[in-house]
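Presented below are the structures under discussion, each in the form of structure tokens.
There are two complexes below, and they share chain A, which is joined by chain B in the first and by chain C in the second.
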Partner chain A sequence: MAVQELINKNVDQFQALFDLYANRLNGIKDSPYFRIKQDAVRHLVRKGFPGRKNEDWKYTNLTQLLKTRFQHPARQVSGDQLSQPLPNSVRISFENGLLVKEQSDLDKFDASEVEVMTVEDALKNATVKDKVLLELENMEQVGVSAFGLLSLAFAQGLVIQVKKNTRLSNPIHITYASSGSEKNTLTSQLCLVMVESGSKAEIFQSIIGKKDQSYLQTIYNRFVIAENANLSVYKWQEEGDQGNLIYTTEINQAHGSTYTDLSLDLGGKLVRNNLYATHLGQNITTNLYGSFVLSGQKQHLDNQTFVDHAQPHCQSNELYKGIIDHYSKAVFNGKIIVRPDAQKINAFQQNAGLLLSDHASIDSKPQLEIFADDVRCSHGATIGQLDEQALYYLMTRGLERKQATKMLQSAFIQEVFAELEEDNIARYLQDKLSTYL
Partner chain B sequence: MLVIKDLHVSAGELEILKGIDLVINPGEVHAIMGPNGSGKSTLAHVLAGKEDYEVTRGSIEFMGEDLLDMEIDERARAGIFQAFQYPVEIPGVSTAQFLKSVVNSIRTEKGEEELNAMEMLKLMRKKVKELGMNEALLKRSLNEGFSGGEKKKNEILQMAVLEPKLAVLDETDSGLDIDALRIVAEGVNTLRSAERSFIVVTHYQRLLDYIVPDFVHVLYQGKIAKSGDKNLALKLEDEGYDWLKDEISVSSIA
Partner chain C sequence: MAVNLDQKLEKQKTIDQLKDIEQDYKYGFHDPEDEYAFKSEKGLTEEIVRKISEMKEEPEWMLDFRLKALDIFQKKPMPTWGNTEYLNQIDFANIHYFVRSSEKQGRDWDEVPTYIRETFDKLGISLLEQKRMMGVAVDAVIDSVSVKTTFKKQLSELGIIFCSFSEAVQDHPELIKKYLGSVVPYTDNFFAALNSAVFSDGSFCYIPKGVKCPMELSTYFRINTAGTGQFERTLIVAEEKSTVSYLEGCTAPMRDENQLHAAVVEIVAMDDAFVKYSTVQNWYPGNKEGKGGVYNFVTKRGMCRGVNSKISWTQVETGSAITWKYPSCILKGDGSVGEFYSIAVTNNFQQADTGTKMIHIGKNTRSTIISKGISAGKSHNSYRGLVKVGKKAENARNFSQCDSLLMGDKCGAHTFPYLEIENKSAQVEHEATTSKIGEDQLYYCQQRGLSEEDAINLIVNGYCKEVFNELPMEFAVEAQKLLAVSLEGSVG
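Here is the complex of A and B:
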């Protein structure tokens, strides 16, 4: 109780941070975005952060993080290359929350296929303005979490709109990098992607943190996928060893659409991923695939998924697998609701952890709430250690223990990537991962 | 090539091998037979380096080196291959990918250049063909969902690709039908050479109709109770192990 009071007293600091931030926002104070930001911070201060009594945060303790006195990062760019570009991609790069034009290929986007702009520019653009405003207002009002509100309040924000019946030939590579030597910095990102009907797009996100310094990054994605559209989002997450990341994705899918999410989490001290998918029509597919390697001394990774099967004739597939070493800990909480009229649903969920140390742990909580009677739903969770028999077998063929261990680890995790056959970006992620085992 | 002297081996409190002496020269095929629990598989595992066993006395020399001083993987790279009685299933690792890794780790050790993917595929296809096996197996996960026969054939394929100096076949015939047995035996016979030696551990004489040994040793209660040529195996087939037990108990009373 006392802790919760402290956290909620500490939440006032965000009003002060916002006032500082607002001073820099000359020229947009008349904009509706500014009004939404003001509302978001007020809303946040009123609402506070979730405590441990909140069932969804049972396994992730925010107390330490929320005692921090945060500051804004310096508004300067390092000039360093922020991430390794994904082959054949078109780049958009943010450093410490700000768009870095030199490392973004904004001029390479064909406006007849896709619009890519900051939220501020989107609100000046006659064709997208109304839609963007509507989505932002929805975000503020629904405000899934306190961290989403932080993003809304502090992020510069990015809008991507894929035009009707367009197949984007190049993936969009978004980099979120943090740099600098200050500690306790707060960086916020917001990304609104609207894929219009019949279109197909791929987005690859690199999240690269600074080393040795503590910070909090909030990333809030809102993906609006229209009828028969297809969006795939890939994530390479390599936050710094003292970095905290709260990553939230809301997915709204219309009739006949497909959403695929493939994440690879490697870094961070505390990382929480929230994925919320809502089905607004029939014949929708949602694929949520996650992999992680926690090789640090004491990392904490919490994957929360929520698929809301509100409509009949839809399917969802979830597979999360990861390797956990030392004193690190992983959490999986997978919630699926099948609402009363949502018949003929296929929902599959599986998660597995490979523990490399006696002190590593995983908490797994599948949560299925099914209110329809003609559905197929399944879930499973397994936790294991490296198979000594298999290690012995590989070593008798001449592989060193290290090599054999790596082979077994990569065999364990490859199943996640195997879900996406013939997918170049999945192969790219898998290859990059193998250098981390 | 291999010199085993006064080898005593325990698993936990239990002493399994109680003084084994065995010399194997290049090109020789030695069959190790004996009733269940006599220590046949233990001997095979001790040669491979399995950590569940403790050598309490004696020595093993391989190519002039102290084998017991070597790690499991070092033994393999030095040229010892064990074909397992129960090969382990490893989901997620394809047989081709696995073979490429092991061949290249051995080549690197020898100071040879690694084979690239094309060269490796060519080598594997050649060996698969020689063994009369189905190429599709290369793409499948190592041993996963393989039948007993397929697993054993896969062991022989690995042996053919790795070209060891000494191959230890641990009850490779168990669980094989007659066709699979013939293929496995032919695989072994094509690999026989003046430089390569084999230890064939088996419970039944059947396998030795196909892989004709130079020497047969009968293991009983942790010791080599009797050695001979292939006729010893035939005698065991006809008369079982009982006469041997009588002979040993008589000699131990004497």
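Here is the complex of A and C:
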């Protein structure tokens, strides 16, 4: 109880941080965005952070993180190239929460296909203004989590709008990087993507942290996918060993749309991924795929997915696989709800974990709540280690144990990448993965 | 006490009602209540607990145990998982915590009061006689007071102790003292604390070293009096290399108000011992509008204390308005085995929240979980289970399978499995499916000349077969019939 009180007391620091932040914001104090930010911070201070009694946070303890006194990162950005660019992609780069124009290809976007701008600019743009404002207000009011509110309050924010019946030929590569040498910095990102009807887009997010310094990064995505549109989002993160990342994605899908999410988590001290998919129409497909390698000394990764089947004739697929070593811990909590009268649903979920050390652990909680009868839902979970026989087989073929292990581990994870359509992205992720095995 | 005319009429009415509702719930009668020798005031106070203990002429340590438990009960908050809106309706002050049906446990069948014998007859316990023929020893518990134990003599020749809990407290205090609360301490949870404070009777069973119990042991539970709670306690101790199979059955009369049942079952298995515990739970589930029915909150736990010991739980849950029940195994001994086979059927407004906990502590421990849920009407059926593999549980192995079958579009089926694995050598598999009966399967059966109802029965029986196979013969037959009655008319 005392700990919870301390944390809740510590929430007040965000009001002080916000006042500091507000002083730096020139010229937007009259904007509705500023009002929403003010509300978000107030809302956060009132609401506080979830404790361990909260079932969704049962296996992830925030006490240590929330005891921290946070500060803003330095304003300057290094301007260096922060991540290896994805071939044939259009770049957008953020450093310490701010858009770095020099590292972004904003001029390469064709405004008749896609609009990319900061939230501030979007609110000045007559065509998107109303929609963006509506979504921001929704976020503040619904405010899925305390961390979503943090993003809303402190992020500069990015808006991407894909125009009707457009098929973007190149993926959009967004990089979120933290740099500098200060301790306990708080960086927040907000990304609103609206895909209009009949369009198709791919977004690739790279998250890169600074080494040896503790910090918290909150990323809040909101994806609004209109009728028959198709959005794929790929994410890989390589946070520093003292880095904390709370990554939240809210997906609203309309009739006939498809959303695919694929993540590769490699770094971080405490990483939490929240994915919430809500179906607003029929014939919707949601695919959530995740992979991770926790090879650090003591990492904590929590994957949380929630698919809300509120409408009939939809399907969802989930596949999560990961490797856990040393003192690290992985958590999977996959929730699927099929609401009353949402008939003809197919929902599949699978998660598998490979434990490499005596101190590694995994907590898995697949969860089905079904209120309709004409459905096919299933989930499976397996936890184990590499098959000794498979290892032996490879070794009889002349491979060293180390090589054989690596090969099997790589194959284990790559089952997830097999779901990728885009070769470039698969190759990029495989490169990243191989350095961690 | 003279039975006046009104009561006779009342009784006749009950029997008539019974005939009408035979199909719905055939155990829905109740006996005249004023023949009870003692009925405590409503509500739970220290005074009541002292009174229970005094009436049962219990030793000091037993009273101590009860009072400590009462203290914990009063401090603990009501649990909040599951659907709590119903729970808040339970008025713990409005329950008779102790009812005694007759002065003494009947030593001989002829000594048992006539109306109790009638109860048994209505229950089909000539059950008792039938089982005597079949060689099953029965301990019958009405309103948590043990009324009859059969076959005691034959069992005692083998050194097996099978008697009511109160007798055990008097005759074998050293065993009770040693094992009571050793698996489910009174601090364990809200309902275990309640039970520990007020439990009135139950069964005690002790199988000595190397003995294989030659017959099935059985307890039969029944709630009779209105506004009472049933709080019984079962304790089974299996010494080294012993084997026992234990059956439990339950029914309750039909009442408009909800009745509370909070039992505790503890099992201790030593080296190489094997305990099989089977339950057919058929408490009154409430009527079609969801009125009445038993709230069934049971704590069942087995401790595999010895090397290579084994505890196997099998349950068929068809009754109760709300069930919360998680028969668990603590696999402490190296090489110990835990099993859980369950069928839970819910219809109308029933809610069943059941599952198991398999706690792997020793090396080379294994557990199997097979859970089959069937929901119909407007009912909800949940599987809630935990598989935990501790740091030192090398080579632990678990397989879990939870399937749910939905009949009708107003019901729900939910799965909440928790897997907590802390050892790399563990191998854990979990799978769950939810679906309805396949149209093609139905079509196939009907095409072969079966009616829709029969086809469904056939398919459901096949679906549950894995669990039925685990039940002792006489229970398996009863369970299949129960299943058919519970689901009658639920498909259309």
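Odds and ends about this structure:
Operating definition for what follows: the second predicted complex is superposed on the first by the 429 of 437 C-alpha atoms of A that agree within 3 Å, B and C clash if a C-alpha of one lies under 4 Å from a C-alpha of the other, contacts with A are read in each partner's own complex, and residues count from 1 in each chain.
Everything that follows uses one rule, which is that a contact is a pair of C-beta atoms (placed from the backbone, for glycine too) under 8 Å apart; a residue touches a chain by one contact, two chains touch by 3 or more.
The shown structure was predicted, so the numbers you read here are calculated from the model rather than taken from an experiment.
In the superposition on chain A, contact of A:S434 is made with neither chain B nor chain C. By the document's definition of touching, of the two partners only chain C reaches A:Q367; chain B does not. Judged by the touch definition given at the top, the superposed model places A:Q156 against neither chain B nor chain C.
In the superposition on chain A, the chain among chain B and chain C reaching more residues of chain A is C. Applying the stated contact rule after C-alpha superposition, one finds that A:Q15 touches neither chain B nor chain C. In the superposition on chain A, contact of A:L356 is made with chain C only, not with chain B. Once the two complexes are overlaid on the shared chain, A:A390 sits against chain B while remaining clear of chain C. Once both structures are placed on chain A, no chain A residue is touched by chain B and, in the other complex, by chain C. On chain B, the positions that touch chain A within their shared complex are 48-51, 71-73, 75-77, 81-82, 84, 87-88, 90-93, 98, 101-102, 105-106, 109, 141, 158, 162.
On the side of chain A, the complex with chain C involves touching residues 340-341, 343, 353, 355-385. Interface of chain C with chain A (complex): residues 391, 404, 406-436. Residues 387, 389-390, 392-401, 403-404, 407-408, 410-412, 414-415 of chain A are the ones touching chain B in the complex.
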